[in-house]
Structure formats: structure tokens, C-alpha cells
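Structure first, commentary second.
Chains here go by letter, A, B, C and D, matching the order in which they are written, and residues are numbered from 1 within each.
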Amino acid sequence: MQELRRDLAAATRMLVDAGIVGYSGHLSARAGRDRLLIQPVDDVRAQLRPDRLLVVTLEGDVVDGDGQPPSEFSIHTEIYRARPDVEAVAHFHHDPTTVFTLVDGSPVVPVKNHASRWAAGVPVHPDPSHIATAEQGRALAATLGDGYAALLRAHGEVVVAEDVRTLFADVVHFVENALVLASALALGPVTPLSAAECARFNATFHRARHARKLWRYYTTVAAAAGRLPAGWWESADPKADIQQKS
Amino acid sequence: MQELRRDLAAATRMLVDAGIVGYSGHLSARAGRDRLLIQPVDDVRAQLRPDRLLVVTLEGDVVDGDGQPPSEFSIHTEIYRARPDVEAVAHFHHDPTTVFTLVDGSPVVPVKNHASRWAAGVPVHPDPSHIATAEQGRALAATLGDGYAALLRAHGEVVVAEDVRTLFADVVHFVENALVLASALALGPVTPLSAAECARFNATFHRARHARKLWRYYTTVAAAAGRLPAGWWESADPKADIQQKS
Amino acid sequence: MQELRRDLAAATRMLVDAGIVGYSGHLSARAGRDRLLIQPVDDVRAQLRPDRLLVVTLEGDVVDGDGQPPSEFSIHTEIYRARPDVEAVAHFHHDPTTVFTLVDGSPVVPVKNHASRWAAGVPVHPDPSHIATAEQGRALAATLGDGYAALLRAHGEVVVAEDVRTLFADVVHFVENALVLASALALGPVTPLSAAECARFNATFHRARHARKLWRYYTTVAAAAGRLPAGWWESADPKADIQQKS
Amino acid sequence: MQELRRDLAAATRMLVDAGIVGYSGHLSARAGRDRLLIQPVDDVRAQLRPDRLLVVTLEGDVVDGDGQPPSEFSIHTEIYRARPDVEAVAHFHHDPTTVFTLVDGSPVVPVKNHASRWAAGVPVHPDPSHIATAEQGRALAATLGDGYAALLRAHGEVVVAEDVRTLFADVVHFVENALVLASALALGPVTPLSAAECARFNATFHRARHARKLWRYYTTVAAAAGRLPAGWWESADPKADIQQKS
């Protein structure tokens, strides 16, 4: 579980660097049956440490670690309950993406080939409240359905994936797609990627390899900038790294 | 009063880092009966020091410290006169927020849940002049009324709060809301948060706790970047900090 | 003339930091009768050194220094010829400002109170060519007329002032005004500052004092970031600086 | 070939700094008959090293170096096959430029004088798929035709030039032009540079000298920021550099 803790802390710090997480937002990972790993409510995301992460039950009780989970932990627990296929959840507040919750008839549609992940659409949860109860969490999980992302009106985003590193790549692509879409709509009527175009892209897309490539890029750049402590990963030598991860 | 001085200097520096204060703009705090703490007119906001702050009367006379208050000190003094509930005032010139003063029929409305603070509206002061006299300050205070923020045409913003740390959080949210609103309006007609939605958010919102969270995030990040001197606060250890502040 | 050289080099470096000057753009200052101070064509703006500046005649001949002036030196020489009141000229290529040259019926108008400087309007020079000859320089000077700024179609900007430090402040305000205007126009029809509003602002505006304030802010921040060498100015102590410059 | 390797690695790193290349994108250079120099698929662009570059045949076989070329190498090989005049190719994913592929009737047109390079137009390749086969590469080369840039729908850009340093300058200008165009279109109908205006600009434009100026600016700034290792070029002294390169 040390690797999972390190991945979750690193992903959080790198999303701070990318301007996607800030004074708030949190990532979690499933950690065995009916358990998840999540940060304490007030720990500074820019300096999150693996050993600070809490092990929490699906009821939000802390079974290991020091501190309380974020007040919106039900976002995570209720999605894990509803979606056995999900191993990692990100909740964040990226304003330029959240704008799509404020305008009727302007949904998030795929306009970058990597956004083919969300070809089936991105639902908007209509309640702008904080997700403070299990009931609210269940309502959000219902909005998400069997999709991979949802927007929360005037609030933020949820993205889910099969592991932390792939989640990181998905979050980057999700906000990039929203930014492109907003810029394109300023030019005129947009022709989004069709279902056929998305399917064709997905047919040859190697999701795990792509996630590994992004992970490598962002961890290397973050380590060089002193944003990830030396020693979290053994080596920054390109060849060593290729041998180790391929 | 040392803590108040430190908070005011730190808040100013952190608003510089956030791109909200720059070569101009100033924050103040009420400092006892008929007194306020404010920076000297020309001190560089990015390096403001607690011991440089002036104690000034409501007439603008310096009773402690070396230098002259900002020429627009009447913004602060007249708001403190008119609003006994206000303990801290920020005046700044955030251009992407000020644009809302230039277009008829495009008021600042809440589109982020944290902007529920300004559910009652944000008035626009119609006079673009510098606030150089007590009379002008009184006119601005009248525009503000019993609200928590006002815009000044082609000039800038005023935000008021119950203490410096909460004021800092409010200023961050205020400009974030304006940026989101401008981006959303580019997509189409915007449905802002209704009075009911704002009320529901405010009902469960723990304002002091939220302000503490933002303060902790921003001071930690600023200290790590060398933007706040070591020693302004005792410890950056997360656990120590939690024990100290909770 | 050492102070003038230092001011010109510092202003150039700080406009690089502000994203206004980059791989091109140049500032000049009148240096005695029929002479100007200007940088060599290829010297890197981000590292410009006072001792590298050239003394050039109004014909563009180098009378002191090592190198050739920028190929567009006629912008500077012909404005100095035509405008005895001008002591400093900036030519730069700030794309978000230059967009106003591409759209008919969308002139740069004052929407920030500090843009009252350009209340009489900002003409657009219709020729997008490089200003490679004295004749082209004279045509541009004719477009500028007795104004304080002009735009060059699909090319860039010229701003003129009474000294280098004030020119620096003017350039900052000029591009800030253009950015605000573009953002405001995205919201709807804009009501710019009227002639009366500009006149009222200018009536109480202390131009020299304001330029000094900006100069102090930007030089302090640039020195702290290592962008201006230590020793260009004697002291960064706020009080010493106040005594020295007031 | 050491200089070519260094130029290609430096150009890649500097395009990362400029926000144009990131976790993906790649540059190549023709390296003798039927050979090209290109980076390994997963090497981190921000830290690309000259000695890591691969020598690859037009079939994508590695004849020198350790690793595999990018999966989209056919973009490069098929353009070199079709265009004997091209010595350097850049493929990147600059979102604010790619938006022009999403909106019918909004082509990239020249609105900066340096964009006269693309006066004949910028075609859009209609297939958003990754270029994973030689056949797809040939289709893209056909879209490019005898032009100097092409857009790929919902994907990215290709820019070609006569050498790596000039390619670097072209890429900078290409994305700057797209950004200006998007901003201008937000203001109203845009009058792009006419064929005559472009021809007049090109008639007096010294392309090699201009590329040298940009190269010098960006390498100097990148070296000062520690983004290019000391020793890649002999001297940063302005005068030495002028003598060396003129």
C-alpha cells in the first residue's frame, strides 16, 4: 500500500501544479474491501504526504491515520459503493470547467481525441450544495450512473477511473477538453467528435500506456521542480525508468 | 496587535501572489476604537512588513508609524464609520472583475456556491474618480450600504469582512466568482444561484472553519515559496498546526 | 547619463517580466540634442545591460557603443524629430492589444481611470510593414500626431512619454486598458470613460508621483527575483528609498 | 550531427517552456538521405537530451539509438518523403490553436505580419485519429500539400521548415497568430492580412536573420533559467555571440 499512498499524494500535488486542485479538492483510492485511502480535511494539498493519508470505511470512519476526512467524503464512499469497477475518484473545483453547469444547452462534449473517454456524455448534478451526507452522496452517484465524469452545478467535478495514475491522466484530459470547448464555442458553432470518431479513436488507443506516459512526464517535471521529494521513486534515468515500468 | 499586523501583511503579500493586489491596492483592519491599521502609501505590497503598518485615526491622522497612509484612505475610514460590524476592508483593482462596471445590465451575480456571501447583490459605485476626500469615501460607503462588496466604475473593488483572515478568503472567492461569471456568459445565458440555493448553501456553511482552511493553505504555500518569512508562524508541521488552530 | 542607461535597461527587463516585450520590441530615450539611447538590434531584452546601449544620431548612425540599432530605429528617430515634447519612446508587440487593429469599429477607448492619458483616442497606423525607412517612420509619426500612443496594424504599439520611468508606467497602463476593454466587450456594449470623466480624473492625478510608485514597485519586485542586478540602485530599504526619491 | 542533435533537443525543451509542447508532441530533423533524427516515444520533452535522439529510417526502423520512435512517426517520415524541401518537422498539440479545427468557416488566416509565411492558407486534416500508419501519414502529407503548416481535427498541428532553428521561430509565430486571431474574432469581423500585404512584408523580411534573433533570445533565457545545460553553447556573452553567429 506504500506505492498507492505515494501515487495518491503525488497525483494530488501534481494537480495543484496544474491549477486543478488548490485550497480544496481531494482524491481517493479504494484500499481493499470496503476501505478507501483519502487525505485529512485540512492537509495542504500542495504538500500532501503519503504517511498522512487516512484509511476510512465506507461510513467515513477513520480506521488508520490521524485526522478527519474531508467533509464531502460521501462523494467518494457512495461512488465506491455504487461502482465496483471504480478504484480511484477525484473531486475538484476547476472553475473554467464548472462554467458548463451554468448555461442551459451547453453540455461538455468531446472536442479532443483523448476526450473520447466521455463520448457518452457528462451529466450535470443539479444540486449546488456541499455533499455533506450519505444521501447527497448517493444522489451524486446516481447522477454519475455508469459514466466516468460528472459536473456539480456551481460547484465542481467528479472523475473516476480504474487506478490513480490513469485517473490523473483522465483529470488532465477532462479539463483540457473543457477549456478547448469553451474557446471553440467563442468562434462559432462547434462540431464535436461524433460517436463514430470516438469509437475509432478508442479502438486503437492504449489507455494504460498513455497513462504511464503522462505519469512519467508529470512526475519527472515535478521532481525536477522540487515539488516531489527525492526518493519517492528510485531513479530519474530515462532508460532505467523504461525498464522498470514497461 | 502583533498578530493582527502579521495577518494584514501576510494577506497583502498573498493577494499579490494571487494577482489581485499589485502596484496598488490596500487592506486595513480596525484596531481599537476609532483607529485602523493600514500600510504606508508607497510601501511595496509584495514585501509588506508588519512593523511598517501605520495606526491611523478615522480622520487619516497617523498616530503610530512612519509614513503616510494611501491617498484613498477615506475608503477605509468612512466604511468603518458607517459599518460597526466591519473589522477589515480590502480595496483592490482586479481588472477582470472591474469589467462588470463597464457594461449595463451585466451585474455580478453568484455563480459559485462560495459566492452566496453576495447573494443580495454587488452594487456599482458610479464615480470612477480616486476616492481622495472624506465626502467621496462617504458616498462609496453609501453605495456599499449593508452589503459585503461593491465595485467602483473603471476603478476597482471593495470587500469587507469580520476579520482579516476571513476577508482574505472572501476576496479570493469574490474574484473567482467574477472570473467564472465572465467565462459562463461567453457560453450563453447564465442561470445564477437563486436566493434559495444561496440560503441553502449558507445554512450549512461553516464560515470560520472555511476561512481557516484557506488561510492555512495560502500561508503554507507562500512560506514554502519564500514569500512569507520563516518565523511569522511557529510551525509548518501539519499536526502541530491542527492542534494549534482547531 | 548613467542613470538614464540604467533606467532604460531596467524598464526593458521589467517589460519582459510583464510579458509586454519579448524576443523583440525596444525602448529609447532622448540623449541630448539630436541623439538617442537605444539597444543593439540583437541584444537579449531579458538581460539588457546599461553599458551595451548605443548612442545614435537621428539618422541612425552609431556614435557610441558596439553594435547596430534595431532595424526599425526610424520609429524612434522620426518621433523625436516630430515631437520635441517627447523624451522616451517604446515600441512593442503586445498581441492582446494589437487585436484592436484587426477589427473595424472597435477602437481602443479608455475603460480604466489611468487610461485617461489617451482620452483623445488611439490612432491605428494602417501599414502592417516593418518600419524600415525614414519615410515609413515619418508616416508613423504623422499617424501618432500629437497623441501619446498609436497602434500599428497587425504589428504592434508605440507609446511616448516625458521620461523613461513615466513611459514604463504608461506602457503598463496602456496594455492593461486594452485587456480590460477586450474582456468588457465580451460581456456587451461598453460605456467607456467620457471626456468629462477623464478630465476629472486627470485634474487631481499626480502623474510624476504615480510613475514613481510604479517604478518603485516593479524595480523592488524585479530585484528580489534576481531580474535586476544588485547594485543598480543603492538601497531597497523602504525608508531610505522614500527619503531618496521624494 | 552533434549540433543538429543539440538544436533539436533545445528546440523541444524551449517549446515546453513556451507551453506548446508538453507530455506529448515531437520534433524531427532530416539527417542525411532517407534518415531522420527524432526522440524516443516516452522521453520527457522537458529534459530531452541530444544523445538520446534516435536515427530512424523512413520506414521507422531505428538504426542508431536506444528506444522506439513516437507511435506517430509516420507524420514525419511521410512528409520528408513527399517534400524534399523540408528539413525539419514539428508535431504538437496546442489546444488554443486546435480550436480552429472544430468550427466550420473559421480558418486560420494571417493577422500578424510574421504569419505571412502562411498566406496561402492552413488546411485542416479531417481525420482526428492518431497517425498510426504510413497510409495515414501519406494522407496527412497530402493535406499539407506544398504548404508550411496543417491542422489536424481535434488533435493538433504540423509545421515544417528548412532547418530546426527556423522551425522553432515558425512554431512560435504560428501559435501566436492563432491566439491573436481568436482574440480578434471575439471583437467582431476581422480583416486579415491581404495577399498583397503578406507579399509586401515577405519582400523585405530576412527570414534567416529573424530566426537567428529568436533562437538567441530563447536559448539565452532558457539557459539563464537552468532549462538548457551550461556548455551546450560556448558563450553567453552578447558580443562573442554576435561575432560567432553573424
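As a working rule, contacts are C-beta pairs under 8 Å (C-beta built on N, C-alpha and C of every residue); 3 or more make two chains touch, one makes a residue touch a chain.
All of these numbers come straight from a predicted model, not from anything done at the bench.
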Answer with same or different: of all residue numbers used at the interface between subunit C and subunit D, are over half used by both copies?
different
Chain centre separation (subunit A, subunit B; CA means) in Å:
32
Rounded to the nearest Å, the gap between Cα centres of subunit B and subunit D is 45
Counting only residues that touch at least 2 other chains, which ones in subunit B make the list?
186
Can you tell me, using the touch rule above, whether these chains form a line, ring, star, complete graph or other shape?
ring
By the touch definition up top, name every chain pair that qualifies.
A-B, A-D, B-C, C-D
Contacting residues of subunit D [partner subunit C, same complex]
110-113, 172, 176, 179-180, 183-184, 186-193, 197, 200-201, 204-205, 212-214, 216-218, 220-221, 224, 238-239, 242
Which residues, counting only subunit D, touch subunit A once they are in their complex?
22-24, 40-47, 49, 52, 66-67, 95-96, 98-100, 102-106, 128-130, 132, 154-155, 182, 185-186
